[in-house]
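Note that chain A is present in both complexes that follow, paired respectively with chain B and with chain C.
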Partner chain A sequence: MIGVELRLMLRRRRVWLCWVLLCAIPALVAVLLAVTNLAPAPGQGGAFLSAVTSDGQLFPAAALALVLPVFLPITVALVSGDAVAGEASTGMLRYLLVRPVGRLRLLTAKLVSVGAFVLLAVVFVTITSYIVGVLLFGFGADAAVGGAGGITSLSGVVLTPLQLAGRTAATVGYLALCMLAIGAIGLFFSTLTDSPLAAALGVLAFVVVSAILLPLDAAAGIRFYLPTTHWLAWIDLFRDPILWRAVREGVFVQLGYIVVAFGAAWANFATKDVTS
Partner chain B sequence: MAGQRFSRRWLLVAAGAAAIVGVSAVQLPAAALDVDAEALRRCIRAEVPPYVGYAEASGRLGLPEIPQLESVTTLLTTTTRIRSYVAGADRWRADQLTGALGDSERDTYHLGAAEYVWDFGGNQLTRVLGQAPLRLPRAGDLLPPDLARRMLGLAPGDPVTAIPARRIAGRDAAGIRLVPTDPDTTVGRVDIWADPTTALPLRVEIAARTGPTLLVSELLEVTDGPPDPAVLRPVVPPGAGAVTASAADLSGALRDLRAPPAPARLAGRARLTLPSTPGSDLPGVGVYGTGLAGFVLIPTGRDVADRAVDGATAAGGTAIPVPFGRAARIGTPLLSVAVRSTGRRGSLLIGTVAADVLQQALLELPARGRPS
Partner chain C sequence: MTVIRTASLTKRFGRVTAVNGVDLTVPAGVRFGLLGPNGSGKTTLVRMLLGLVHPTSGSVELLGRAMPRHAADVLPRVGALVENPAAWPHLSGRANLRLLDAAGRGGRGRDRKARVEDVLARVGLAGVDRRPVKAYSLGMRQRLGIAAALLRGPELLLLDEPTNGLDPRGIGEMRELLLGLSASGVTVVLSSHLLSEVEALCTRVGVMDAGRLVLTEDLDVLRSPTGHVRVRTPDPGSVVGLLNGQVVHRDGDALLVRAPDAGVLNAQLVAAGITVTELSAERRSLEQVVLELTGAGSDRVDP
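Let's turn to the complex of A and B:
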């Protein structure tokens, strides 16, 4: 079942279009930075963007920060919102359920498929932006110390290529988890409606509300539970020593969303009358 | 039957969500601790226990943006994330995790007589020479141990009382409350919770005479014992700048070499004598009052003063009638600010006293920047 869903996901052109667009947006920013040599001042623009012109190896971090707030959630909303509602809108869902497959297994396969999508999306953005960053901006001066591949951490300590690879892998895993939480919410919405667009818009509305509440002092009591609160915690992986607290809290909250949203999807879908 | 299954499933989901929220929200109550408040105060002031920690300091002072003092107003009006490595009173490092997205860092290393500042945004390590008689507040000052020692040191004779213990950073912390007796100060109470074994302050709350707590600083994670010596060694990464500067040159808004001397008295308070070393003078800067009822006079340029007057007025401040130029004051429950722009110069007064006191001081300043 999982293999079927994964093959189905990989055969969809819109999935590949999402990945291409996610990789193209940071590449466009990199080209503009390289052509104009106008990097934003520290603290302005996207995270790490001010530092990429002096070390192209920081561009994957900057690229992930660029796609994280808007483009990545949009693509995850589209794919996860389509997971069940897409089948229902094309009339395939009832035929799918005629097979001797439990609804829980079907939902699990759908969630794994969404997870594979977000993981591959983050991996593709990381790899393409590393190549684009190094090609356009080169290795930084830290190559003299850490060898080609070393970068300066936020704390000033030079990270070796091995350390950089480890921290980048941790970033990829963390962001994939954050997006999987959004995907799980999308899966739940997808079981509520037969319209993939409505489900996707529901996810985006959830993300927007979370982003709106985030800076409000009045929402301080629930800030910890907002998913977007923890999206930038991975930046602490680029300090030395690593500051794990925010990452740890982020993992806890995102896992909580995955469990609760997937549970809600199961609770709703398990007894739902499927008519289309 | 289907309805029952439906209910049971949703009940299970609701129970799971409640359990997840509960695990993160429930805080264990602290055990009752019997401590001598005076003894704990003495221990806090006397000792600098080694530790490694992570703290968050939240200020709600409602200050307007003051030109050239943005770093200070940011500290007092937002949440600051600070990581600290303390081996002793003269060997420590405090990292301010900065940037709108948290993607920068400003680390201060204090190693004996030497001080270094690493700024990721500026890609530069600065070696700071000497010590200025006065400096602007920085993130490290908001760490609970530093803030507690400073507040207790400013009011050594005021009484402290024990308050209920709290569970902080996974340990029971004994609490003491300092209530300033000086009627001139805006500070109403300072609550400090400290580890009863090491006397390491873990949380500090500062409130005005009335109203809620306006400044909270808490160590959310703490490990006793000295840090790895390697983290106390500043490094200059390849490609980064390495500069040396005197502490006085880094005084920013406090350093105005053309400023007239500060008056000997303002608002009935004598100017304190600041320690001075050659080359570290801060002309025109004066500190008045003692303890928690003090204020500082900072000379500024006219542009800065004009923008500060505009900012204070826009933030709900009150215009002060002056013979020359413009002036305004703004009083928050904990901190008051008064500013005057006159001729080619300006003056800024800021302190933990009532805005009326600062207005009186401002009106006593010589007109057009001439010394009295």
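Let's turn to the complex of A and C:
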């Protein structure tokens, strides 16, 4: 079923459109920056954006910071909200269950396919933005200082290309995990309704509520448990030495969301009357 | 052997009782027609048989195993068309069947292509191209749905409205297909609004009304002669004179005569020199039976 699910996802035009748009948005920003050469001042604008004009190799990090707060959650909400509700609305859910595909197996396959979607989304953004960044901004003047292709970390220490690749890979994994947590919530919402749109909007509402509560002092008590709190922890991966604490906490919270949301989805779906 | 057995099966959705204390038994090898007006609970019953809807109370046995507990063992031996056919609209019919086949356990992947081509040929879609299903006509979708039900070579076919959207030729083809499957030992259970279709295909019928199973009977028994004979003659007056008291109804040159044997009546009329242009034993039609047993469907709203 997992194989079938992945094949189904890869043959959906919507999924490819999401990926293309996710890659296009940072590319557009890069082109604007390159044409005008007006990078935001350090400390303003998106993370890393001020540095990219001097070194294109930092652009993947900047691109991830650009798509993370809004566009990535939107695509994850679309795809995960569609997971079960989409099958219900086409009527395929009943035929899959009668085939028979066990309900737990179906949910697991859906979660795996959402995971594959977010991982590929983050990977595609990283790869395309690296290419775009290097093409438009080159390897940067600092490269000469730090040896071939070295770039400066946020802490001022020069990172070797190998270190940079490793940290970018860790970032990709961390962000995919954050998005998978959102996807698991989408999967849960998707078992509650037969409408993919309602499930997707539910996920977005959840993200927006979390983002609203985040800066409130009154919400300080629950801040740690909000999913969006930890989304920017990956920036610490670009310090030297790496500050692991925030990343570690983020991983625990996101895993917690995945377990709880998947458990809730299973609890609801296992005995649900399929009347679609 | 019994293929389907339900015991006081009941399903409530909130305050609505969709299925109410149904005891249904379907023996192996029959062609069973499930009839009843819209909203009488046919579809909910079929969904409970397949484990899609969980009963409020009562039990279901399919192929001798309790459902939905043994769904994983039972359902591979059952083919179903529930309410209407469905498919992934962005894929071709062939891709749909291959993915559906791959989605569940059982059957070797190497034989998948042959299996899919076989069922496509059986439902008359062998030459179907790569168009996505969303471009299919209603009849093509219906054929694809039946192909999906046949994919795993089932022992039991549960078909809800299998001829929906098919033209008369398509309906005839499906009847031939189902008769062929039935002859090879497959038990066929179908629900339909087309009573003539059920009459032509089924050997046994069940009638549902307002959630209850109000009748299960062999079609032959339902359609046994009523003891009346229809006679059409250019000389109705002499018939009335000859068979005084036996004529139940007269409408122009058509008469309804109480007589146990149509042959004897015919001989009697001919012996009396009366020309008979038409003579047949009256049988109740399935339509009469169903209309007598059932009320208005849930789609009719009277003040």
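The rule is simple: the second predicted complex is superposed on the first by the 270 of 276 C-alpha atoms of A that agree within 3 Å, B and C clash if a C-alpha of one lies under 4 Å from a C-alpha of the other, contacts with A are read in each partner's own complex, and residues count from 1 in each chain.
Following the convention adopted for this analysis, a contact is a pair of C-beta atoms (placed from the backbone, for glycine too) under 8 Å apart; a residue touches a chain by one contact, two chains touch by 3 or more.
This one's a predicted model, so the numbers in the text were calculated from it and none came from an experiment.
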item: Fit or clash - chain C, chain B, common chain A; value: fit
item: Partner chain in contact with A:11 - chain B first, chain C second, else both or neither; value: second
item: Touched partner set for A:271, first chain B, second chain C, both or neither; value: both
item: Chain B versus chain C as contact partner of A:40, first or second or both or neither; value: neither
item: A:235 touches, of chain B and chain C: first, second, both or neither?; value: first
item: Most chain A residues touched (candidates chain B, chain C); value: B
item: Contacts of A:259 with chain B and chain C, given as first, second, both or neither; value: first
item: Contacts of A:3 with chain B and chain C, given as first, second, both or neither; value: second
item: After superposition on chain A, the shortest CA separation from chain B to chain C (Å); value: 8
item: On chain A, positions contacted by chain B and by chain C; value: 271
item: Complex interface listing, chain A residues touching chain B; value: 42-44, 46-48, 50-51, 54-55, 65, 140-145, 152, 154-158, 217, 224-225, 232, 235-236, 239, 241, 243, 245, 252-253, 256, 259-260, 263-264, 266-267, 270-271
item: Complex interface listing, chain C residues touching chain A; value: 13, 47, 50-54, 71-72, 75-76, 78, 80, 82-91, 95, 99-100, 102-104, 148
item: Complex contacts: residues of chain A adjacent to chain C; value: 1, 3-4, 7-8, 11-13, 90-92, 94-102, 271, 273-275
item: Residues on chain B engaged by chain A in the complex (per definition of touch); value: 2, 5-6, 9-10, 12-13, 16-17, 20-21, 24, 54, 60, 83, 95, 97-105, 107, 118, 120-123, 125, 220-221, 231, 234-240
